[in-house]
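Below you'll find the structures, each written out as structure tokens.
In the two complexes below, chain A is the common chain; its partner is chain B in one and chain C in the other.
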Partner chain A sequence: MQAFLNQKTITAAFILLAVAFPILTQNNYFIYIVTLSFIWMIGVYGLNLLAGYTGYLSLAHAGFFAVGAYSLGILTVKAGINYWAALVLACLITSFIGLLIGLIALRTKEHFFAIYTLCVGYILYLVIYNWESITGGVRGLIGIPAPSNIGPISFQNPLSQYYLVLFFLLFTILMMYRIVHSLSGRTFIAIRNSEELAQTIGISTMKNKLVVLVLSTFFAGLAGALYASFIRFIGPDIGYITITFDLLMYLLVGGIGTLAGPIVGTLLLVWVSQYLQFLQDYRMLIFGPLLTLIIIFYPRGIVGAIYSWKMKLGKKAKRTSDRGKSSGHDKGTGSMAEKKVEEG
Partner chain B sequence: MLKVTGLTVKYGSFSAIEDVDIEIGKGEIVVLLGSNGAGKSTTFRAISGLSKPSKGKINFEGSLIGGKSPDRIVQSGIVQCAEGRKLFPQMTVYENLIMGAYVHRRKKTQIKQAVEDVYELFPILQEKKHDTAGSLSGGQQQMLAIGRSLMSHPKLILLDEPSIGLAPLIVEQMFDVIQKINKDGTTILLAEQNANAALKIADRGYVFESGSIVVQGTSEELYANDAVRKAYIGA
Partner chain C sequence: MELLVQQLFNGLTVGSVYSLVALGLTLVYGILHIPNFAHGALYMLGGYVTLTMMLLWGLNYWLAIVISILVIGLLGVLMERLVFHPLRKAPPIHDKIAAIGILLFLEALAQLIWGADYRTMSTPYGQVINIFGITFTMQRILINVGAIFVMVMLYLFLKKTFVGSAIIAMSQNREGAHLVGINTNKVAMLTFMISGGLAAIAASLSAPINLVFPGMGHLVVLKAFVIIILGGMGSIPGAIVGGYILGFTESLGATYISNDYKDLIAFLLLVIILSIKPQGLFAKGGH
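This part shows the complex of A and B:
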């Protein structure tokens, strides 16, 4: 119970902080960076559901991100559709392409799935790069409109865009929380655990994997569409492999297969890379070894490390209370440890 | 109830089992005996749909199930309790049980009753319902694996080496429970290396050797068969 309250207050504090952040800094550059981080987080959450909870590492997510961005761009700039309709359509188009690719890609497993999706991502990039009449080719698309007004609310300035993106991020996190803590979430974890075992208890693995892929690409598409309307310009490089690896790095550092991981990893790495900008590409000399160390010592990232550390403390507390006296006290810590397992 | 005829399963060009015939009547306990790699597990995999048979028929209550997907086969009433006590280690005991009722996931009251039934069969699982499955002992994990397979209300349960790696006393308890599950109306197909214990509770048995059935008969016949005694009972 105590742990639950704790978790609730922490979540509330973070939301408050996120809401108050622009007022606290008043610095437009900071607001810009954090907005961008929020957009990446949505994409990372999408990747997390597939790679973290279901165990299928997709390396095509930059491609899906770009599909979302370009769908929004083309629908608003070339077809002149209302922004909000285009936003919904962009997500649906991305999911649909995800579904088609999934029908083939999900017949492969593990490394083969990763390699296959790596190719898919590159093909998506090439299509965007070469389909000049629609995507504008290497020149990209310019003049993508900002979100159109909802009643009296306008989304022309950075501040209102910040809150819009924050809204979508909170929506994404809420969705993820609901999915992960439902039977579907446990089904995905079961597939990650052992696909064969999942089958023997009657789970249709192909159907469930397709659902995950569709959901995952939906959020990648949402992130891409928000990116397009925030930056107002998109080029084919947003679909390039490096973006996939950026997303993956945020996820791995934060904690793959954890709910808080995408937030922690993205915020940390985006900030660090902003601070190290003067080093240009030599930044990778720092990131590379750091990432390797994290994967070796903390395979579930920063958040995973915190959980296992808390679990250890919980066990120790339980042991001392066992030695102590009442069983009522024992129950309290027991349920606390259990809560943490669930979170992890 | 289940009739397997001429079943052949190939891994590449290698036949893991060849021309296997098995018949199980409703309410029976039938045991498959044989050493490692004799083909017991492959037979199970073919029945539960994990491996596709390359030849032969599997008839379950009048419909052919050979080659169907595993989830369909679970829905039709056959569930496999995998060898090696495969669980979802980071989920709690209770969550593992709930996962076992996946095919009935919309019938909430039925699931609740099924959980109670499993707790009655294995009281220790109720005590440990909030512990993660990975923290259980070997015997408890085997109980959970069996309990989880019961959650789908199977008509036929395939138990792959339930005694493997367990202390003798626990093995005895496990076979008692298997007998009890059978008395409650579930047909059981058992794969075992522990012939002595298995033949005590089984009605009939088949002996596998390098992919084919070499001997079959009632438990008494197998128990009296010299070759079987030498190879699997050691007396």
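This part shows the complex of A and C:
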């Protein structure tokens, strides 16, 4: 109970901090960076649901991100549709493409799935790059409108855009929390741990995997659409494989298969990247080995490391308290087991 | 007719390069079940090492290739020791991510050392030969002959030598190989060495007709993945046949369908194949 309360207060504190952040800094550059990392976070959450909770490593997420961004761009610039309608449509288009690809891709497993999605990502990139009449080819799309007003609220200045993106991020996190802690979430984790076992207890793995993929691409599309209206310009580069690797890195450093992982990883890495800007293309000299080292030594990232550290502390505390009273033993292991399930 | 023959010859050349790259990938996959995404980086570095040896030290083309094979082979061994060996008991998703980390690092390293410019490698075999009205450059003939030579040598090595049989035994059954006294660690290192060497040969042979740049491995290795799925993951003849099939399809597709979308052909082929047979065309039983 106390741990839960603790978690609740921490969450509330973070939300408050996020809301108060622009007032605290007053620095437009910082607001810009944080808004951008919020957008990435939404995409990373999408990837997390698929790779972290269901165990299917998709390497096509930059492609889906780009589909979301281009759908919004094309719908608003070329078709002249209202922004909010375009935003919803962009998400739906992306998830529909995700559904189509999933129908085929999810018949494959493990390495095949990774390679298959890698190729799908490349196809999406090449199509965007070559389909000049619609996507503008290598020149990209210019002049994507900012979100249109809702009643008296306008989204022209960075501050209001920050709150808009924050709203969508909180919506994403809430959705993720609800999904992961629902029966479906448990089902996804069961599929990750052993697909055969999940099948034997009567889980329709294909249906569940498809649901995950569609949800995952939905959030990738949402992130892409927000990105397009925030940056106001998109080029085919946002669909390239390096963006997938960026997303993957944010996820891994933070902690794959954890709820807090995407926030921690994205904020940390985007922030560090700003300091490493002088390195530009060479930043991978640091991030590449970092990615490899993390997967060897801390396969569940920073958040996972904190969890196991906490658990160790808990065990120690339990051992000392056990000496005092033996009745507390059952309760201790019970809550610990619960915690283990919580973090998946 | 002449155009067709010319394109078939081009397909053969491109296919040879693909086959060599795919062979390295399939060997590693067969032994360790790792889809080595960093293989493209090894290919790229192979091209750069040969180029540097020729330009900086003024070495002979062949000597430069030999050094490149050794350097990249050792790099492969280093990768196995430092990264894949510690991860051998981890879930499969970890190997892939670690390989991506290595790929990103090596590409950034190449860009740091050699810059992002596109470079040309001059070849001592630039002569043009004319047979029956069809022109061949020596370098392209060299690629074909070299690739076939390497494949034959690899075949003999795997089939006729003791060490080669050990590699095959390990790809058939890791525990079984261990039981009959094969040092699986040594075999794994050797496999990475061969895989790196093959990538270096492929890059060094094809660099004179292409360009050398940090991203040169991207497309090639993606296509090599398509090939080893086509040929069954871990199957050696499958990699060779698949490489040539893709080479021919691409060069004919580029001529008769569309040059802009020729890179898509490989991926569409993959999408179609995996839609029909999710385990690949010539999948082996067991895994």
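Following the convention adopted for this analysis, the second predicted complex is superposed on the first by the 330 of 344 C-alpha atoms of A that agree within 3 Å, B and C clash if a C-alpha of one lies under 4 Å from a C-alpha of the other, contacts with A are read in each partner's own complex, and residues count from 1 in each chain.
Just so we're on the same page, a contact is a pair of C-beta atoms (placed from the backbone, for glycine too) under 8 Å apart; a residue touches a chain by one contact, two chains touch by 3 or more.
Everything numeric in this text was worked out from a predicted model, so none of it was measured.
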Touching A:82, do we find chain B (first), chain C (second), both, or neither?
neither
First (chain B), second (chain C), both or neither touched by A:154
neither
Does the superposition put A:202 against chain B (first), chain C (second), both, or neither?
first
Tell me which partner A:110 touches in the superposition: chain B (first), chain C (second), both or neither.
second
In the superposed arrangement, which partner chain does A:28 touch: chain B (first), chain C (second), both, or neither?
neither
Name the contact category of A:11: first (chain B only), second (chain C only), both, or neither.
neither
Winner by number of chain A residues touched, once chain B and chain C are compared:
C
Does chain B (first) or chain C (second) touch A:274, or do both, or does neither?
neither
After superposition on chain A, the chain A residues reached by both chain B and chain C are none
Can you name the residues of chain A that touch chain C in the complex?
51, 55, 57, 104-105, 107-112, 114-116, 118-120, 122-123, 126-127, 130, 241, 245, 248, 252, 281-285, 287-292, 295-296, 299
Provide the residue numbers of chain B that touch chain A in the complex, in ascending order.
48-50, 69-71, 74-75, 79-80, 82, 86, 88-92, 95, 98-100, 102-103, 105, 130-132, 148-149, 152
Under the touch definition given earlier, write down the residues of chain C that touch chain A in their complex.
29, 33, 35, 83, 86-87, 90-94, 96-98, 100-109, 111-112, 116, 218, 222, 225-226, 229, 233, 260-261, 263-264, 267-268, 270-271, 274-275, 278-280
Mind listing the chain A positions that touch chain B in their complex?
183, 186-187, 189-190, 193-194, 196-197, 199-205, 334-335, 338, 341, 344
